[in-house]
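First the structure, then my questions, so here it is.
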């Protein structure tokens, strides 16, 4: 009986429009935020911050981006990493070529560049649909990778095509340590996640979903398909672009275009499908699942597997388990972890009655 | 000019190799509307299994038969444990499931047979011979022959058996197909088994060119533009698409590539296919996407 | 009945439409007058739905013109027709399956919402105010259609009849001048049809909305429409007040059958 | 129950849950006798479609589950069979909302119905002609892709497709939806003919109560996942509530849709 | 178990899956074998036993970083050093290494300019870099042509994997072309390089005298096959060492016969150290790769990783005491290596390893390569050690390192 909205009446539409209309949810979210914003920086070590949490947050951001495009607007895309690359290299170039600009402006500009590129590659979506579009977005993926490898200007003529993020400064403070980078990432991701949530629950989001669910009737209602799809591509790529910049600046430090290869695009796609297509929360859950599972399995292998199984077999077993779990979760809940979470909440709400 | 034709013909022959992989995709898409991401993994798995048995000392044809049996067994398992529980789910979910499957197959294949690189010799010479100043390889013509045979058999299979119609029905609407009594489980098992056979043929041909190793699963990337160009549902499309992609990709790389620093082969076919799609959104031979209110 | 039927507000002249070999509409002219309820009836495949599709621009006829709000043209763009005050429902429900009832109805307000994406991302101040304003309009529609209890339910889970009602809600939310309804009562039982008729009549009375409606239930058609047009395999065979049409021998032969 | 004929299909107290949480049928029992036409009536969302899908085992594809009770056909439990087995046993469902195979032509759609048949091409061809006989409009459009045919044409295709399976029992979900009045009448005449001549039994979910009760032998009224009333079709037609709520007749005879009131008499069975 | 005090921890960021698994398993497997040998035969390095832990990177940069972070702090004194075995991962972790004081060792890959230890104190491209290797290759070609002056007017084609790794030598090749008056054309091959028909047709058109192959993984056998198809003589193809393992040529079958590749060590089991590994490690069933692979190119490369790493720790122990050491201390060892011919002999690696002497200025040390030719069945050494053209390489490296230092605001250390 703990989780019930009983007694919480909404007296205005404004209240009903709150992100978390149920009080318990608000508490829960507040706790989560306090945990990740205050507790984690105090207790987590470098390993957790640098190689688990930061990439996790950045991937979540990219996943939110892809979710806007694929989950909300229904345009399946396999070019995510390409747009991340645009963001990463744009941020780098703004940073070194116009050093006067504050870093946060670089990030925003990076996002905008990615958005622009995204919109260009989004143009075919007006005619091409479904898996055809998905494969067509691969054109973006490969083309962007190629451009960045082949035109030295983008990498400031580094002989190997690798760029290395200059030291970061944010509002006059140097962002160097793991905690600082983590907090920067967390801040950006939270603000952008909130903005995404806001967009998807207002008219832009509804237009995206309408186009996703039934584009003809969306058009008949007066939703211009072109504008809607292109904004979806733009916003989505903006998110991916910022994610790419963060990936470079806060996580890897140095990247080559190949860091944003097709495999990364796929990983992000996995994240949203496992997490929940059309769910902001799902983007985080999916990123956690896809990002952490292999690491977890690998750690398990390192601790348990040593000696019991041949190392080769262990490594491949990780793949088998990873693949198996993806299938398992899809069967349990095709709508992803976010849906599972929702069902759990629904059950909790009804508890102790089964239905 | 000779050089142009040499590139052109070489490209066409390369295209046939792409088609071989694309065919597997088409089979499964036709039958279930599933975009089978695991086709590349199937190719790898089939080739690994085959080489594995060869190394165990089985003669060529026996190894072939055993591998085929393994592929069929896998088809049945895949149907039972992956597809059946996901019937009537949206295509993207099934697509994802096949991605899971590809991880599983890659892990399983390499776990069972090891991840070292193996040579595969199917007894067809890969030596060049000259015609009118152009150099070709026998192997390529052999591959083209195999592809032609395979396509012939598949076309017969689809057009002359009841399964063909059932497949197309299933691809349109799982639930309605169930309702009219189409045995979905059987149909899917059959199709996956056929896709397994296609994968085996592709695996042997590609494997004898590249060696049997993980990278075999990446040949799928070559098949995707072929697929969208030809249309997801058309066997003929897979072939024609392959030829077009193969030829234009090579011509572009040789004659346009140098102006841009080369290596345009990765994106060029996709861009080309994209351009085609703008004219025909369902690919050259694909089924028209029906939109009605 | 105090309502006065006004002038012709929509005029379709000599519309012809064919798909490949199939001639769906041949040389059809239909007028729609302000405030009236016009029913279109006819056997299956007669071209009724195609006619609606032509009116709001989903199909582009090969010949003929549509005149709406003083503009005469061959074909409209669907979203232009929506912006100029035409809303519709579909024969095969075309709701947005992944969204809740409320969100579906809110999409009906799309053309009326002005705040840009940045405001929406902030969801604060004017954007929030706008959202609330439109929400109020939608809530009125929801009240009116008595679907309060399913406000937050994803429409995909709703039974057929309710989906039809939500679809009507979505169209109403746009506060259209002309409402096109394609078999709004198919698959409903009498009780639900009564409700639906009530809604349609109320919309027509209270807001003065002009309605064009396709329906197969002759009871409904005869009772609520002001005028009936009959199509038969692409041709218009009759047009007039219900009683006139009901007794027209050609209509009886082509559509009603002896039973009526 | 006073139904004639041996029970062919017996549904015993079934409960259906969607998605593990949504309880839709809360104990539904009904019987279809051999050679009978049984109508399943009820408002939107009462659970008619769900009941039919429970029988044809299509629920699983919708993430629904029969959690209690049993379903027997000819005395044999069928809850575990696949839809394909059921069709082979002669139980075919015509799904609500048509569900034609969009990319197949009308004729191909019809032929898919014959997928399970083993009695040869000639027999199938004969039945195909029979269906064209019933629905001449389909013959005209046989070469069109079903996705492009009109709503009514699709409905005919769906029904025809089921007929081609040469079924013993048809689960008909809202056959009259979207059909012109003439055709509705025709379809029920066909149902009647099949029932009389070929001894096909029907379980029929219908909103058009009027016609349904005219042709059915027996009827069940479903509300909120429960059977609230059942009886001979004749008796149901006389029932006050049924008259008011399902037939649109009040004590003064048929009332106009224009004059329906905003308030209603309470349904007696809810009291 | 690493909590015990007298142990030195060595991270193993291996890749056992993915397209390059053959390299990952071979090199790291042998590396672990060598450490195991020291533990089993000598009871550790001066009593300090080696421990290690694998972490699967799948050759992915992001996962490589995760492995680095995961393993850098393990063991009583933290990670001794980090061998990324991937140019990409090297780029991603070396800056972190400088901050954490964990030496990053890239033997035969990674940044060419990192040989300048003033700017890269914690990065060690030991033995040889791509740049040095490239100059040796040109020397080899010159030798075959009958003198460096004969290079004038020759045509070279450089086929490279279109990635950071592949592009490393473009600049230096251009420089050398200008120097020696040959013509060089660069042909990128898009990853993964499954089909190279277009490139090879272009090569056929160009008809170069020599082809330089910088492939990786499946790109190598494919290149050799394609060469056969256009009738390009394999003897005229010179590969880098990542194109010169058995795994690179076997799948090409007969097409590979005659192909030449650079190497900083030979294949084969006929070295006392490898005999010892077979005896002490495989004899006790503690081997880390399939026994058949012992003595292959990748395997022997792993042994060299082992020898060099352990020698560095030995040097460091001499200075800091015979106990587990920190990364900082081992970095000193890496910087003060002096593996002489006698020492190599004592190690049982005569002919396997070249003499190596590093310093604060020079983090590379050796720089010589041998050339080997595939005879259809095994690699046969065809040259003696060929020294790199340090006069050319060193200034280039310093220039590039200085540029990097400027970009990053690093003040180079002064070495004395």
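A, B, C, D and E are the chain letters, set down in written order, and residue numbers restart from 1 in every chain.
Here, a residue touches a chain if its C-beta (ideal position, glycine included) is under 8 Å from a C-beta of that chain, and two chains touch if they have at least 3 such contacts.
These numbers come from a predicted model, not from an experiment.
S.K.: Starting from the defined contact criterion, work out which chains touch subunit B and subunit C both, please.
M.R.: Both subunit B and subunit C are touched by A, D, going by the contact rule given at the top.
S.K.: Taking mean CA positions as centres, which chain lies farthest from subunit B?
M.R.: When every chain centre is compared against subunit B, the largest gap points to C.
S.K.: Please flag the chain sitting at the greatest distance from subunit A, going by CA centroids.
M.R.: Between subunit A and the rest, the longest centre separation is with D.
S.K.: Look at the interfaces A-E and A-B and say which one is made up of more C-beta pairs in contact.
M.R.: A-B
S.K.: When the C-alpha atoms of subunit B and subunit E are each averaged to a single point, how far apart are the two points in Å?
M.R.: 37
S.K.: List the centre-to-centre spacing of subunit A and subunit C in whole Å, with centres computed as mean CA coordinates.
M.R.: 40
S.K.: Whole-Å distance, subunit C centre to subunit E centre, using C-alpha means?
M.R.: 73
S.K.: Using the average of all C-alpha atoms in each chain as its centre, how far is it in Å between subunit A and subunit D?
M.R.: 46
S.K.: Give me the residues of subunit B that touch two or more other chains.
M.R.: 106-107, 110, 114-115, 261, 263-264, 266, 292-293
S.K.: Indicate the residues of subunit A shared as contacts by at least two other chains.
M.R.: Expected reply: 146, 149-150, 216-217, 220, 312, 316, 318-319.
S.K.: Where does subunit C touch two or more other chains at once, residue-wise?
M.R.: Counting only residues that touch two or more other chains, subunit C contributes 49, 58, 90-92, 94.
S.K.: Quick check: in the complex, which residue numbers of subunit C touch subunit D?
M.R.: For this pair, the touching residues of subunit C are 19, 22, 41-46, 49, 91-92, 157-162, 183, 186-195, 197-198, 201, 216-220, 223-224, 255-257, 259-260.
S.K.: Can you list the residues on subunit A that touch subunit B in the complex?
M.R.: Answer in residue numbers: 70, 76, 124, 127-132, 134-136, 138-139, 142-143, 145-146, 149-151, 215-217, 220, 262, 266, 269-270, 273-274, 277, 312-313, 316-327, 330-331, 334.
S.K.: Can you name the residues of subunit D that touch subunit A in the complex?
M.R.: On the subunit D side, the touching residues are 17, 19-23.
S.K.: State the interface residues of subunit A toward subunit C in the complex, per the touch definition above.
M.R.: 13-14, 17, 195-196, 198-199, 201-207, 209-210, 212-214, 216-225, 231, 235, 278
S.K.: In the complex, go through subunit B and note every residue touching subunit E.
M.R.: Touching subunit E: residues 3, 6-7, 10-11, 14, 17, 106-107, 110, 114-121, 126-128, 135-137, 206, 209-215, 218-219, 222, 249-250, 253-254, 257-258, 261-266 of subunit B.
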